[in-house]
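Below is one structure. I have some questions about it.
To keep things simple, chains are lettered A, B, C and D as they appear, and every chain counts its residues starting from 1.
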Amino acid sequence: MTAEQIIFLLTGALVLGAALMVVTVRNLLHAALWLVVSLFGVAVLYAILQANFLAVVQVVVYIGAIAILFIFAVMLTRREAMEKGRQTRNNWWIPVLLGLFILTGLVVLILSVPGVERTATALPSGLDTVQALGMALVSPDAYVLPFEVASVLMLAALVGAVYVATADKK
Amino acid sequence: MTFWNNPINFIGYWLNGVLTGWHLPAVLATLLIYVIGIIVMILFAMTLDIGLVWVERKVVARFQDRLGPNRIGPFGLIQPVADIIKMVIKEDITPDGADKIVYNIAPVLAATSVIVLWAILPLASTIYGVDLNVGLLFIVAAGALGTLAIIMAGWSSNNKYALLGAFRMVSNMISYEIPMVIILLIPTILADTMSVRGITQAQSGMWFAILSPLALLIFLISAIAELGRSPFDLNEAESEIVAGFHIEYTGMKFGWFYAGELLHAFTFGGFIAILFFGGYGGFFGLEKLAAFAWLNIPFVQALVFIAKAMFGYWVIMWVKYSVPRIRIDHMLAFNWKFLVPLSLVVLVNTALLNKILIVLPNWLYVLGMFGSNIVIGYVTVEILRAYGRKQRKAEQIPDPQAHTQEQAV
Amino acid sequence: MSIPLSWYLVLAAALFCVGLYGVLSRKNAIAILLGVELMLNAVNINLVAFWRYQNPTQMAGQAFAVIVFAVAAAEVAVGLALIISVYRRRKTIVADEIDLMKW
Amino acid sequence: MQNEWLYIGLFLVIGIIVPVVPLVFARLVAPRKPNPIKQSTYECGIETVGESWVQFKAQYYVFALVFLVFDVESVFLFPWALTLKQLPLFVVLEGVLFIGILVAGLVYAWRKGMLEWV
C-alpha cells in the first residue's frame, strides 16, 4: 500500500465519518460544522486528483460561503431547531434500508464495470489545468454557453432569494 | 548552486545526503526535509509575530504621543516575551454553557488560518514554500477558515456580546471579501498567472501599483476590513460590545486571537507588496546591471520583501490609529454601494485596456493604464460630490464650503 | 496515482447514500438541505475523478463540476431564503408541519 | 499526488500543532480554580438577563445571501482571467457580459432596498 493510498483512505474515512455526523447529530449547528469537515475532506480529494482550482474553490465557496449561510440560517431559526428532542422522523429505518439498498446496488454496479480498477496516468507535462479550464469555459465550441447560463442562474437565484426575503418585510 | 544563491535547496540537498547516508528510505528523507523546512518557516513567522507585538505597541505609542513599552530590556524589546509568559501562566476560564469543543477549536483555527498563508509567501526568488498555480485563491480560502473560526468563537462562548461581535465581524469579512476577490483578478490579468511567485516576477519591470493604483487602494481598504481593524473594528467595539467574539477567552487562547491578528496584518502587508509593489523584486530592471547584481542575492531579496511588507503593515497601523470607528450600516453601504461597483468598473477597464493597449509601445501602455485609473478615480469623486451636494440640499444642510467662509468672516 | 478509479466511485456512492439518508430521515428543513449538499458533493467527486482518469486534457468533467458549484450555491440561496421566510410566518421549520399546500 | 499539495497538507498539520503546543503547555502550568462566579457569562459585572440567544437582525442574513452569489460568480472569473492573453477580444467581452449579469443582480438588490440596513 502506497502513501497516497493511505492518505486517500484517511481522507475518505474523514469525509464519510463527518457526513454520518451531519445526518445524525442532534445539534444543528454541530451538523453544519461537521458538514464543513466533510466538505474540507472533499477538497483534499480534489487535491489528490490534481484538480487544483476545484480544491481551492471548494474551500472558498463551500466553507467560506455556503457553510456560513447555513450557520446564519441555523442561528436565525434556532429556537425551533433546539438540540432537544428527536431530529429524525418516526419511520427513520425506511431511509436506512433504502440507503443501504441503493449503496449495495451502486457498489455492485461500479465493480462490475470493466476497467474500473485502472489507475490514473500522469498528467501531460506542461498542462496548466486552471488555464485549460478557463479555455474550456470561454471558447465557443466548448462550454461558453453553460458558463453564461450559470451566471443567469445565479442572477435568478439572487432575484428569487431577495424577493422572498423582501416579501415578508412588509 | 551555492549557499548564497539558493540557500533552501542547498541545505535540502545537504540534509538529503546526510539522511540517506543514515540509510533512511528516500521518501522518508524527503518528507523529513519538508517537515524541517516547514517548522523553520513557521518558527520564523512566530518569531516575527513576537517582534510585531513590540512594533505595534511602539508605533501606536508614537501615534498617540506616548513612549510605549520601555522598561524591560533595551527599548522595551523583551516586553513581548514577558507578555507571552503572562498569557501562558494565566488561568484559563471556560464560561458556563459554552460549547467546550468548539470553544477550544476556534482560537487554534484562527491562528492556523493565518499561519497557513506562509506556505505560499515567497520571501525571495529561491526562498519560498510552494509555488501553487492557484495561489491567489488560496489566500481567499485561508480567509474563509478565519471567518469560520470567528463564528465558532462567537457562537460557542454563550455570551450576547460575543455573538453580536461575531455577527458583525462575519458580515464585515464576507462583505469585503467580494471587492478583494474582484481586485485579485487584476494582478491575475496583468501577470497572466495566479501563482504568487509568477506575479512577483511579472513586476520586475513595472509595479502593478502604477498600472492600477485604484486596485491597490481598494485592496488596501478591503484588507483592513478583512483584518477587522479600525475603522472596521466594530466587531470588538470596546464601548458597546466590550471585545466582541473573543470576550470570554482568557490566557493563551486570547493570545492566539491577538497574535493571529498581528501576523495577519503583517501578512497582508506582504501580499500588498507582492501584488502591487513587486514583492522581493521589482527594481525596474535595476538588478540586471552589473553594479546592482547584489540585489539578486536571496537574503537581500528577503530583506527587501520584509521591508516592503513592514511598510504595508505600517500603513495599516497608520489607518488604524488615525481613523474613528464607523457604524455598521455605513460600513455595509460603503462596501456594496461603492467598493463593489467601483472594483467591477476597474476590473472591466483593466481587462479591456490590457487587451487593447498591449500592442502599443511599453511607455504608452503604462501611461494608458495609469491614465485610465486616474480618469475613473476622478469621475468617481465627481459623482460622489454631486451626490453629496444633492443630499445636503435635500436635508437643508448648508454647504460646508459656504459654512467655513461664514466662520472665517 | 496508485489509487484505482473504483475507490473514488465507491466513496462517492457511499457519500451519496449518506446524504440521501439525511434528506429522507431528517425533520428539520435546514438539515434536509445539508443532506442535499452532501449528495451534490458526491456527484462532484465522480465528475472530477472521471476527468482525471479518462482524459485530463478534456476539461468536461471540471467544467461540469464548476456548473454544479453554481447550482449548489443557487439552491442554498433560494432554499434557505424560503426556509427563513416560512419560519418567520409559521414559527416552524419542521418539514412535515409545513403542509398548507398538501391537499 | 503532487508534492505541492503534500507540502500544503504538512503545512496545515504543523500549522495546527504549533498553536496547540502553547495551549497544552498553559494547561499544565496555569492554575485552575473554577468557581461559579468566575465562570458566569461576562456582561461587565451585571447579572446576565435571559439566555444569550438574543434575536438579531435578519438583515445579516440578507447580506450573506448577496455575498454568496457574488462570491461564486467572482471566483468563476479566475479561469476567464487566465485566458485573456491567448484569446481574442471577444473573450474579454464574454467576461464583461458575465459581469454585466452580475451587476444586474446588484442593481436589483439595490432597487429592492435590500442593501439598506434599516
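Just so it is clear, a contact is a pair of C-beta atoms (placed from the backbone, for glycine too) under 8 Å apart; a residue touches a chain by one contact, two chains touch by 3 or more.
These numbers come from a predicted model, not from an experiment.
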Exercise. If you average the C-alpha positions per chain, which one ends up nearest the average over all of them?
Worked result: D
Seminar exercise, completed: Looking at Cα centroids only, farthest away from chain D lies chain C
Exercise. So how far apart, in whole Å, are chain A and chain C when each is placed at the average of its C-alpha atoms?
Worked result: 6
Seminar exercise, completed: Rounded to the nearest Å, the gap separating the Cα centres of chain A and chain D is 17
For this session: Just give me the whole-number Å value for how far the CA centre of chain A lies from that of chain B.
Result: 29
Exercise. Which residues of chain C are in contact with two or more other chains?
Worked result: 1, 66, 69-70, 73-74, 76-77, 80-81, 84, 88
Exercise. Which residue numbers or ranges of chain A touch two or more of the other chains?
Worked result: 4, 48, 50, 52-53, 55, 57, 60-61, 64-66, 68-69, 73, 75-76, 128-130, 133, 135, 137, 147, 150-151, 154, 157-158, 161-162, 165
Seminar exercise, completed: Residue numbers in chain B touching two or more further chains are 132, 134, 137, 140, 170, 174, 177, 194
Problem set entry | Listing of all chain pairs that touch each other, if any do | A-B, A-C, A-D, B-D, C-D
Exercise. Across the complex, what residues on chain D touch chain C?
Worked result: 1, 58, 61, 65, 68-69, 72, 76
Exercise. For the complex, which residues does chain A have touching chain B?
Worked result: 3, 29-30, 33, 36, 52-53, 55-57, 59-60, 63-65, 67-68, 71, 75, 128-130
Exercise. Across the complex, what residues on chain C touch chain D?
Worked result: 1, 66, 69-70, 73-74, 76-77, 80-81, 84, 88
Exercise. Within the complex, which stretch of chain B touches chain A?
Worked result: 27, 102, 132-134, 137-138, 140-141, 143-145, 147-148, 151-152, 155, 170, 174, 177, 194
For this session: Can you check the complex and tell me which residues of chain D touch chain A?
Result: 1-2, 5, 8-9, 53, 56, 58, 60-62, 64-69, 71-73, 75-76, 78-83, 86-87, 91, 94-95, 97-98, 101-102, 104-105, 108-109, 112-114
